[in-house]
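There's a structure below that I have some questions on.
The first chain written gets the first letter, and so on, giving A, B and C; residue counts start at 1 in each chain.
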Amino acid sequence: MEELEQPLAERLDLFTCIQCGKCTGGCPISIKSPLNIRRVIRESVVREDMRVFFDRLEIWDCTTCSTCAIRCPRGLRPVDAIIGLREMMIEEGRIEKTIIDALDGAYKYGNPWGRAKNKRAEWAQGMEIPNALEMDPGQVLYFVCCAASYDPRVQFVAKSLVHVLRAAHVSFGILGNKEVCCGSEIRRMGEVGLFEMLMEENMKNFTKIDPKTIVTTSPHCMNALKNEYEDLGCEVLHYSQFVWGLIQEGKLFFNTEVPMKVTYHDPCYLGKQNGVFEEPREVLRSIPGIELIEFGRCRENSLCCEGGGGRMWMEGTGVGRRLSEIRVEDALEMGVEAIITACPFCLLTLEDAVKTTGNEEKIRVIDLMELASMGLGVEPEVEQ
Amino acid sequence: MDIIVCIKRVPETAEADLVIDESKKGIDTDGLVFSINEWDNYAVEAAIQLKEAEGGKITVISVGPEENNEVLRRALAMGADEALRLTDPAFEGSDAYAMAKILAAAIKDIPYDLILTGVQADDDGFGAVGVVLAQMLGLPHAALVTEIKKEGDVITVHRELEGGLEEVDTLKLPALLTIQTGINEPRYVSIMGIRRVAKKEIGVKGVADLGLSQDEVGEKGSMSRIEELFFPPVGEGAEIIEGTMDEKTEALVRILKERGGMA
Amino acid sequence: MEKIAVLVEHRQNEVRDITFEMLTKAHQLVGDGGEVIALFLGDVSQKGLLDKITPHAHRTIAYLDTALAQYEPLRYLAAFVKIFETVDCQLILMGQTAFGMDFAPAVATKWEIPFTTDVVDIQDEDGVVAVRQMYSGKVNAKVSLKGGEKQLCTVRAGAFPADDLPTVSGELQEISGAVEGDFSARTFVEYLEAAVGDVDITQADIIVSVGRGIKDADNISIAQELADALGGVVACSRPVADKKWLPKERQVGTSGKTVKPKVYIALGISGAFQHQAGMKGANTIIAVNKDPKAPIFSIAHYGIVDDLFKVVPALTEKVKELRG
């Protein structure tokens, strides 16, 4: 294995770390995993040979929620050290089979689930959504996301968002089968080269389309397109931001009462990493009948669902409870009927947790756009 | 220990909807994803692990069009040292016998202790090139290998038989082995890794360079010929249970009870 | 084809089933006037096996020599020199088995015999025209063999059922003369039995089997839950065992175990031939797969075309309810 050009500690300026431990103190995974991010930073600074890390499977437990980066008094980003180590392990090639499959899938099929490219837009069949590549410039591009395109549960979110956009008479288009993975999770798993490839492919299309706004289903896509892609020359918004904007402009109005006691789970990539806390709540509050009760751990302290950082493709080494199960049980104690969220990974992991804790009769997990659909009187096609 | 690995570039068909092309002798490959034959990937990994333990040089060879550079480069990125592509319109239509002739002609100029091929290919599942090649080169061979250990000039291999049974054999080098899936866990090859070998030269040879005549390769040089491809007849098949999830699971439970599926 | 030779496959003092399948097909192809010849290589201690063969071939040619006590390709190739001097035929059949794949291509190459492999059907159209499968079993190919005094086919196990294997009064012909040569380049050491694990799936009445569709090792727990609820065991197809998500002893298929349970539930298994071979004897086969074209549906008795991650938990729930 060739050494990466610059040692990790130098690249990330980890020498200024004072080992205060606020990072580990706030790390949600530390409850259940041997991963100790403070120690990882220390070792990165002290060790010459980083190869000792290659056997430490807990490096893959990190969800990249970035709580550590938010809390660091020195402004360091310990999460980047994890990603840097993963980059090395990727180069070495010795990584879990499920991660290899996810990366191979993204490379060959444009999505980590390895699903056929020509089935990416099947969710939109019959909905007659315009092809973004044939739109006039200056419109809205709806960037759907791999999960929303292929996962049957999350497809309802995409459909709901389409209902909402149409109710507000927004002119928008989708890339359809030409959309490829934003690369967010690919980057978090350490495959820089593949991320760049995916970015290049998407950007070629973005340039052709020349949209005014890109709206995403997933906070992960929003984060990648907004903060990690080269300058797109347009605004990139998560749907919660865009939809709140529509409400404020009077273009969207919820005419149907949805009497439900709910709580809202802040997705890490939306809240912690991009400061989008209020917009989803404003959208919720605009739906008549909704009673919002906040989690104790909300906003910046939201408990990570363990879906990010590639965790959708690895269970992790930790033997403790799934954080998503703890979240579900907290919600049950609060007496709410549903957990509302705004991220496909949160939706899937929380719903999974509802099932594994045997609480399907007691609580639901609903995406914000599905709720919004209900507020428009559109019956969501969620199965029984 | 110098090793030659023969690799094939094949379409991924397990999840795809296939269409037989106009000639009726091939499938429409439009929209299909191509990659290294799964067995050959295990073979490349096996070669690299042997090289890591014993030292030596690995040469990967592939017969096919220019697109085969993809799989050759990937093998280089994995750890192979040299890559050779055998390309010529005359090679088209080669069956396993003609294919082995082509490979043998290229291999005779390369020093080696061991040749590895995959047990069979994803596309035609023929499973013979390796053993034919061994016979042509006068090498001892073993097919369906699931373990390789080297001790001096002798290798000990495990062969996978039926029903979980295995056979242990020793072979004197030079030898040829056909590699079975599951022998190891092939390492991941990163895009950056592939980029790093982008400038590495891949040798190319055609029919004349190999000293072969047109009649020895392709359809003319083959012993068998595909006359026609067709879709297998759809048998009576399963009774598909329809309905809501509730109805479907109800039906299943009934069937399970009736058929002794609930102990 | 008037004369077809079948190479008897035997191991550890048992004649393997493929032999009888090939003999049955050979009889079918030669018809009433033709001759089916069984070829047997082994040593004197294996002579007893011939009792199973001679009634089913018009002529059995046995080459018994201590050098042939254990299969090694170099030895068998040397023996075949004499075999070909002794016997004439238009077609030779061998199994597409671990033995056949190791040996048949070597014979074909050494004597330049046109051959094809893994056939599921053979026609005599003035030379062999065979059918074989390609592309994950989704497409069949008609293959013709060109020329040659003799031709060779390796036969897929199970392709030609041996139910109607004729009995004929066959003569036994022994070849004499030592098999000579330097066979040291490859030497048989020993057989290794599969490790006996905690679960013997071949003894189970109810099997819940997972394939590639299970996507992740952790998801196997949903299959385990169903198996527990039903009182069965969990098994798998090859890809799952290759990834070590389940131990090899749970693998069903040609390179794993053959099972004949009362109920076999295949979850996310495409049904590649090698897997089918290991379970098609099950009494009731239920397949759950998202792909309506998956080959498993052609041998399953009942099928559900749906996402196993939805079906299985729902089914487990129902079963548990029933049991109270």
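Convention: contacts are C-beta pairs under 8 Å (C-beta built on N, C-alpha and C of every residue); 3 or more make two chains touch, one makes a residue touch a chain.
Quick caveat: nothing in here was measured; it's all calculated off a predicted structure.
Chemist: When you average C-alpha coordinates per chain, which one falls nearest the overall C-alpha average? Tell me, please.
Modeler: Answer by centroid distance: B.
Chemist: Looking at chain pairs A-B and A-C, which one is connected by more C-beta pairs in contact?
Modeler: Spelling it out, more C-beta pairs touch across A-B than across the other pair.
Chemist: CA centre of chain B versus CA centre of chain C: separation in Å?
Modeler: Comparing mean C-alpha positions, chain C is 20 Å from chain B.
Chemist: Suppose each chain is reduced to the average of its Cα coordinates; what separation in Å results between chain A and chain B?
Modeler: Measuring from centre to centre gives 38 Å for this pair.
Chemist: Based only on mean CA positions, could you tell me how far chain A sits from chain C in angstrom?
Modeler: Inter-chain centre distance comes to 48 Å.
Chemist: Pull out every residue in chain C that's touching 2 or more other chains.
Modeler: In chain C, nothing touches at least two other chains.
Chemist: In chain A, what residues contact two or more other chains?
Modeler: 97
Chemist: Could you list the positions in chain B whose residues touch two or more of the other chains?
Modeler: Residues 15, 245 of chain B touch two or more partner chains.
Chemist: Could you pull out which chain A residues touch chain C in their complex?
Modeler: Where chain A meets chain C, its residues are 97-98, 152, 313, 315, 355.
Chemist: Residues of chain C touching chain A in their complex?
Modeler: The touching residues are 216-218, 243, 307, 313.
Chemist: For chain B, which residues are in contact with chain A within the complex?
Modeler: 12, 15-16, 31, 33, 35, 78, 185, 187-196, 244-245
Chemist: Within their complex, state which residues of chain C touch chain B.
Modeler: Listed in rising order, the residues of chain C that touch chain B are 11, 72-74, 96-99, 101-106, 108-110, 112-118, 129, 132-146, 148, 184-194, 205-206, 212, 230-232, 238, 241-242, 248-249, 251, 254-258, 262-263, 265, 270, 283-287, 291-293, 296-306, 310-311, 314-315, 317-319, 322-323.
Chemist: Report the residues of chain A in contact with chain B in the complex, numbered from low to high.
Modeler: Listed in rising order, the residues are 2, 90-95, 97, 99-100, 103, 107-109, 114, 116-118, 191-194, 196-197, 383-384.
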